[in-house]
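Let me begin by presenting the structure, written as structure tokens, before commenting on it.
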Amino acid sequence: MRPTSMRTTVDFDAQGVQHGYLQLPHSRDDSAWGSVMLPVTVIRNGDGPTALITGGNHGDEYEGPLAILDLAAQTKEAQVSGRIILIPFMNGPAVLAGRRTSPVDGGNMNRAFPGRPDGTVTDKIADYFTRTLLPMADLVLDFHSGGRTLDFLPFAASHVLDDKEQEGRCSAARDAFCAPFTVQMAEIDPASMYDHAAESQGKTFVTTELGGRGTATPETTAIARRGLRNVLIHAGILAGTIEPAPTRHISQENPRCFHFSPAAGMIEFCATIGDEIVTGDVLARIWPLDRTGTAPLDVTARMDGLLTVRHHPGLIAQGDCLAVLSTDLHQKKG
Amino acid sequence: MRPTSMRTTVDFDAQGVQHGYLQLPHSRDDSAWGSVMLPVTVIRNGDGPTALITGGNHGDEYEGPLAILDLAAQTKEAQVSGRIILIPFMNGPAVLAGRRTSPVDGGNMNRAFPGRPDGTVTDKIADYFTRTLLPMADLVLDFHSGGRTLDFLPFAASHVLDDKEQEGRCSAARDAFCAPFTVQMAEIDPASMYDHAAESQGKTFVTTELGGRGTATPETTAIARRGLRNVLIHAGILAGTIEPAPTRHISQENPRCFHFSPAAGMIEFCATIGDEIVTGDVLARIWPLDRTGTAPLDVTARMDGLLTVRHHPGLIAQGDCLAVLSTDLHQKKG
Amino acid sequence: MRPTSMRTTVDFDAQGVQHGYLQLPHSRDDSAWGSVMLPVTVIRNGDGPTALITGGNHGDEYEGPLAILDLAAQTKEAQVSGRIILIPFMNGPAVLAGRRTSPVDGGNMNRAFPGRPDGTVTDKIADYFTRTLLPMADLVLDFHSGGRTLDFLPFAASHVLDDKEQEGRCSAARDAFCAPFTVQMAEIDPASMYDHAAESQGKTFVTTELGGRGTATPETTAIARRGLRNVLIHAGILAGTIEPAPTRHISQENPRCFHFSPAAGMIEFCATIGDEIVTGDVLARIWPLDRTGTAPLDVTARMDGLLTVRHHPGLIAQGDCLAVLSTDLHQKKG
Amino acid sequence: MRPTSMRTTVDFDAQGVQHGYLQLPHSRDDSAWGSVMLPVTVIRNGDGPTALITGGNHGDEYEGPLAILDLAAQTKEAQVSGRIILIPFMNGPAVLAGRRTSPVDGGNMNRAFPGRPDGTVTDKIADYFTRTLLPMADLVLDFHSGGRTLDFLPFAASHVLDDKEQEGRCSAARDAFCAPFTVQMAEIDPASMYDHAAESQGKTFVTTELGGRGTATPETTAIARRGLRNVLIHAGILAGTIEPAPTRHISQENPRCFHFSPAAGMIEFCATIGDEIVTGDVLARIWPLDRTGTAPLDVTARMDGLLTVRHHPGLIAQGDCLAVLSTDLHQKKG
Amino acid sequence: MRPTSMRTTVDFDAQGVQHGYLQLPHSRDDSAWGSVMLPVTVIRNGDGPTALITGGNHGDEYEGPLAILDLAAQTKEAQVSGRIILIPFMNGPAVLAGRRTSPVDGGNMNRAFPGRPDGTVTDKIADYFTRTLLPMADLVLDFHSGGRTLDFLPFAASHVLDDKEQEGRCSAARDAFCAPFTVQMAEIDPASMYDHAAESQGKTFVTTELGGRGTATPETTAIARRGLRNVLIHAGILAGTIEPAPTRHISQENPRCFHFSPAAGMIEFCATIGDEIVTGDVLARIWPLDRTGTAPLDVTARMDGLLTVRHHPGLIAQGDCLAVLSTDLHQKKG
Amino acid sequence: MRPTSMRTTVDFDAQGVQHGYLQLPHSRDDSAWGSVMLPVTVIRNGDGPTALITGGNHGDEYEGPLAILDLAAQTKEAQVSGRIILIPFMNGPAVLAGRRTSPVDGGNMNRAFPGRPDGTVTDKIADYFTRTLLPMADLVLDFHSGGRTLDFLPFAASHVLDDKEQEGRCSAARDAFCAPFTVQMAEIDPASMYDHAAESQGKTFVTTELGGRGTATPETTAIARRGLRNVLIHAGILAGTIEPAPTRHISQENPRCFHFSPAAGMIEFCATIGDEIVTGDVLARIWPLDRTGTAPLDVTARMDGLLTVRHHPGLIAQGDCLAVLSTDLHQKKG
């Protein structure tokens, strides 16, 4: 396979704190010899484990980037044992545009793995993670939130894995995050996700969903910041003690938990995320935009559960995920 | 002045409940003889006063349209004394696109008044309101929210007017709305606003800001629905009794209350709307998108006040309004 | 009022055949000192009357431009007594784009009159016609067809005018066109039309609708070519004899003749232009695009009449004109 | 190969009439958890053969979708022996946009086969047909028309195949369609077509070209409706008797039959589809758009034949197919 | 007339050096309460005359902005007698986009004067100059270059004016600029230009054309920087002595000096700006893009002269200005 | 592998001069049976070697196309011994748009090799070169320039190759070009380049960079024209004698020679291509666009060298190549 065309201005093996760039040549109509520049901070002190921390996998999710930028600006070499690689804007072009996907190639980074060295910009970034960055890492934490079109109760998640030792490492790191909610996910179609790329290399992998609506609040940012520090402390890479917080283990494994919109229209939610829903409750009403005087279309709950995710924008299209309900999970014992 | 080219499928003078359209011919490349269709409901019973109720003046504000659609679907002729004209999607093309402004002509409806019969689609709709609909009305209620890019504490508002009798009518109707917050506004540059078009015809005019973020919640929708019924009951047009609720009178008249962003970047809010802010508090931090390792730019409060409005999206541009603080107003006596 | 910035490469007063340009300076991002170039042919022989012939008022209507291009390429000075000014592409940018309106400024030429010398490109072209070209003319013939979104039975038309002598001149020229159908129109909202600009200067004005669907057929092109020659011969400007053809006088003055689509969807026409329709006949059925298994929405005729115009594309929007019916007109006697 | 991510709301094995959806998850910037929804009707009665009927392979072709929508709305379980799967909008996003190709990914569905489960939306739909729907089917009928840019004499077609038994089944079904014209096609480059995907699985496959111009007429819709019923009756799946109609067997196998435009310009057709053309006849004249006074470029027929296909829009580009001529085919004996 | 909605963060009457902004509220879909921010530097020392210096009137012209940014960064209060107002990016949105015109409204700033307080963003900026900034000024210097699509020999210019005293002041300031070339212009259509707005208020006005091609060179930037200092020294506002340089007085008043392209194509220039051209010389050849093997179209000089301006891009459209020739001017005596 | 779908109107084996097309079927929304047309000239006389000459590999580079168009228009069969294949617009859609990459598919032709017969338009053109045209050729000359965003000192180049005999043939042909500068390149990532496709088939391959800025000058066009003739004469295919010119052998092999922009802003170059630079010289200053009064960011030379390439536009993005320095190369002996 062809080598990556990514260059870096940092030396991953050097001691100390470096702020620099991953630089990917990108020939554009408005700059024949242009580059995509991804800021990166590397903090190394001695030979301990490596944590690879990413935000901006989707460009409209903000808690992760804010927590990473803060950590990058504040962390001193002496606080670290091993190495922290901080990449706040994984899909840089998407972050600059405030969009889920890349305006350069339409790429959804979390569906572009393992990537290709001769593909689109998104493919090339994914390939660089797969073949260069992930092999350096022991612990991988990838921040997500709901983006502009979804709103989530804040949770940290890890996956059900065939290798139960690895699964245990992942769930332990996830629990160290101390998010308000915790999910153990069984991904149905993982093949093109960053999660799978990391897990298939045996890494300890944690991900999150920490809010959404295309913004961040002081509360969700604080969750991200605490979780990031807790996970690094848990891994023995950052000095300090874990700041504990209560969590609630929930599950979205029942296929009935996903509710899709049967029609396009203006959506009136009748419940709020965090509400306990009973089967048959009206979750939302869909109003037509082309007339007055007719009743709206009610969307009712197909199961009991906690309203965990909702569609954010005031308009909804047919087939959009309208709401997700969760049930409580009695955590499995080791 | 040329006559309007707007047609209607309803008869404003007929008794009973009619659901129909305002139809504006609009020759487009994809339909030479197309139309902009604005749904309208007219409910008339006898000869009492007329209320003109509008939502969707900006197309990404949802509480007003939802309350109006509900009222239009449920109200019976017998409940009305006089006439209610309900137009949930005032800037129809903007509503269909989920945008503040019209995708047809870029028009910001609330800056298009008094309108022109030979202008853009937005101009023609404004002209129809100015010359046809407003003259029919006694009471005018125009719903606003923050849209996709602002978030407001929910308030109802009326204006300081030269005619104190009219001002009193307006503030009385506003107070009947029973919003959580109430504002008496002195508009600096009212000339092109719908508010001014209504007020300059002597109408009792009330407006609102009821949330934002490009969506609606059950709570803000309930405020809109209650306020709409209360105002109509207050005017003697709708049967029933006013549902009271506490309100807090606030003011944004101090020019220092507006805080603008000094730079572009990713915004980390350090306060939440509804917080009581003290001069010098950090309202938000602006992080650069082109590097890691540098400190963010702090934006601090220039006065004490209640955080009433904030910028919603996770990215902010130089010059964007970042936050507005309010002070409590000791209501003037009659 | 400011002078026009239009320049010409032809001399309207010179004898003989000239092929040149109307050249309008147009500063664009991709050419700071660019121009809009409108080809023009001027054929002059002696001091007789002047005919001003235009096509491409809407850029997706082809019969007129084709007939004009052919006449411009073939006509010799000796065939002319007076002057013929031929402008096949009146809204040049729209013609080049194959669109009804101008891609430069969105301008619908036939709604831009009398124009402005300091407005958009479309405004400036209109102003040049109003203040420079129309004053030169005695006879004005402006070709229209249905464009990409409408299909018409081919007709020539003139307007009901206050000045009955002028009305008579216009209807005589219109009848000389010998189109298959003939219409005497009472324009409701003529203010911004080219028709009105010509008529208000006392000119003999004829217009047409000669097909549509965004194309031309050998049959409709032949009608345009014959009509153009007939009108010029009728005016004594072109040598030759009128080629007669039968015509049918029809009227669209009953406001019930216009049928608009009550909903968006895929349209299935149940009648063809030229069909004789009886009240209650199903003109078309509108099928929804978001489901199967439901009945379509029938649109039925509100009057008896000849199906004269239909919406062309397979999709239709709410409020689009779906069909126009005509009734036979017993021509008024002089 | 990865499994499809397509879900369905119908059970292909259930008895009776079901109207539902094929639902493909599609993460978009404006809906992170959105879906492409393809309406589907399944009518099953007992264990007979399965017919898979599709329209909207190209999104601007209307006869097929109209015939399928009508059949889906009217057919009763009792009329069926076996199973009919009706998908009126195969490339749903293209149909909603009224375009040949998908606005989501630019995909031309009929050049996307066999598809990919991890490709674009168009690729995923194609893959679902290849691996899930086609294996269920015995008879496959895929409706095409000329779309917005071509106009065809209406014909049904089947392919020359290596397997003569299959070829015979296909041509028999095609002849049962009873279209006005019939074509036996030898596809030069079939690899990425739906036709080939169906035929390579041994299915009885029929396709059509039934008009075009981006619309449908009552006549062409009637041909589609009759043909659809006839083919299903021929296959023993639908009750009833075949409605016969005369057909003419034509061929486009002579490579000289395709005429391309040598230049860009405005096109004046000198012949109409259905005309019998003689070598050297002027098919069309191409007029330049940048000047008057020059002769057009004549495009003449390179062979004798029936004018079967013409370019529809009034403008033409260099290299566009301008016209196709056909010769009569004396049908081969079995 | 309505007051401007422009705010400033600088005090034009304060002593010393201030760097701040002109802030124009601009409600956008992506920021309801956004602003257009125009950086401004004000340097005041005592009560002498005021110079108003602008670049970025067109957003793709760079010498002026570069010279102004440098002066703003370096000038000390003590060097000034009176006041210098420096606005490097007059049409800020156009400068940020690197375009001649504003991406916000398509506005060409130099055709938007005198502006309107209730118009587009471009109109509002123009109005602020007309009614607020120009009245403060004695000397006005507005930098232009050729932008992305033209290339000029570098010249300073002033206008022929009715008021000969004013004309003298202007030409004296222009000559103080010491550009390599000097032009005395008679503007044919000045009404909407900034030049005219300044001159009609009696100001001493100088403008330039200093290169082009969408870039700046060290040589042209040095000309701008020297000229800016020289003019300010000449006006007695900046301390120092004028740096002299030779200039050549040229004229473009002969209407034959402008050469337009008769056709679209790829352009091969046969002469370079600065060449002395003789009538009949081939200035350029236009090659067609749709074929090989034909001769190009030669464009020949219509007069003798100095090649002063040429079209820059490799493609040219019909009607684009291809070249301008100048003649030497024997300067008029006072 | 599937056969190409490219057709031609020329016969590569015929004697004499042919001007025709490569025609690639391209189904578009606006022409279902459209084509991409690439003009080609083939000149054959007898059985000598074949030269394949291309311009427009990038669509905004003009010297090559101009030289090729001129040669195609002028060359007579008798001047040739063997065959010359001239393709001035290799990426035709990009050339028509004046863009580096194809507006059809975003394809950068020089990163699309070896191409695919079932890929995008760009892929299909590349595949046709790889499998059809390159195998016909002995000598391959591909013209490049800097395009709209770079400016180069004019050079001819060949590559360091494993096969030293082939390398010698290439460098001899390159030297025959007689460009002002000559480069022997070691391509780091050649896999997807046309260069590599040609060289891997053993062809004698020469390429160039002859200016840029999105235009051509008489000087650079003359270099291209002379070089084209010299190379063909050198190869014994064109009659005549080589026109000699001095050249300077330079190298860009030191990785320090590339200078990238550390920030976005307006760029002020302090040096001109052709200048001899010393380590530490300021190459350019980057000014921020969001404020005045701050110092620019200086970009200094990291080595001594000749300024060979510079960024052309007045604005620059972070990561854009700002400048390239070269060192003199003492040519290796054979």
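For reference, chains read A, B, C, D, E and F in written order, and residue numbers begin at 1 within each chain.
In this text, a contact is a pair of C-beta atoms (placed from the backbone, for glycine too) under 8 Å apart; a residue touches a chain by one contact, two chains touch by 3 or more.
All figures in this text were calculated on a predicted structure; none of them were measured in a lab.
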| item | value |
| --- | --- |
| Common touching chains of chain E and chain D | C, F |
| Same vs different contact residues, chain B with chain E, by half of numbers used | different |
| Reference chain D; chain at largest CA-centroid distance | E |
| Euclidean distance of C-alpha centroids - chain E vs chain F, Å | 36 |
| Chain centre separation (chain A, chain E; CA means) in Å | 50 |
| Chain centre separation (chain D, chain F; CA means) in Å | 43 |
| Interface hub residues of chain F, defined as touching at least two other chains | 37, 60, 290, 313, 318 |
| Topology of the chain contact graph, where touching chains are joined (line, ring, star, complete, other) | other |
| Chain pairs in mutual contact under the definition given at the outset | A-B, A-C, A-D, A-F, B-C, B-E, B-F, C-D, C-E, D-E, D-F, E-F |
| Complex contacts: residues of chain F adjacent to chain D | 2-3, 5, 21, 23, 27-37, 118 |
| Partner chain A, residues of chain C touching it in the complex | 263-264, 290, 318 |
| Chain F - residues contacting chain E, complex | 17, 19, 37, 39-41, 60, 62, 65-66, 68-70, 72-73, 86, 88-89, 95-96, 98, 213-219, 221, 266, 268-272, 287, 289-296, 312-315 |
| Residue ranges of chain E touching chain C (in the complex, touch as defined) | 58, 60, 99-101, 108, 111, 146-150, 189, 191-192, 260, 311, 313, 317-321 |
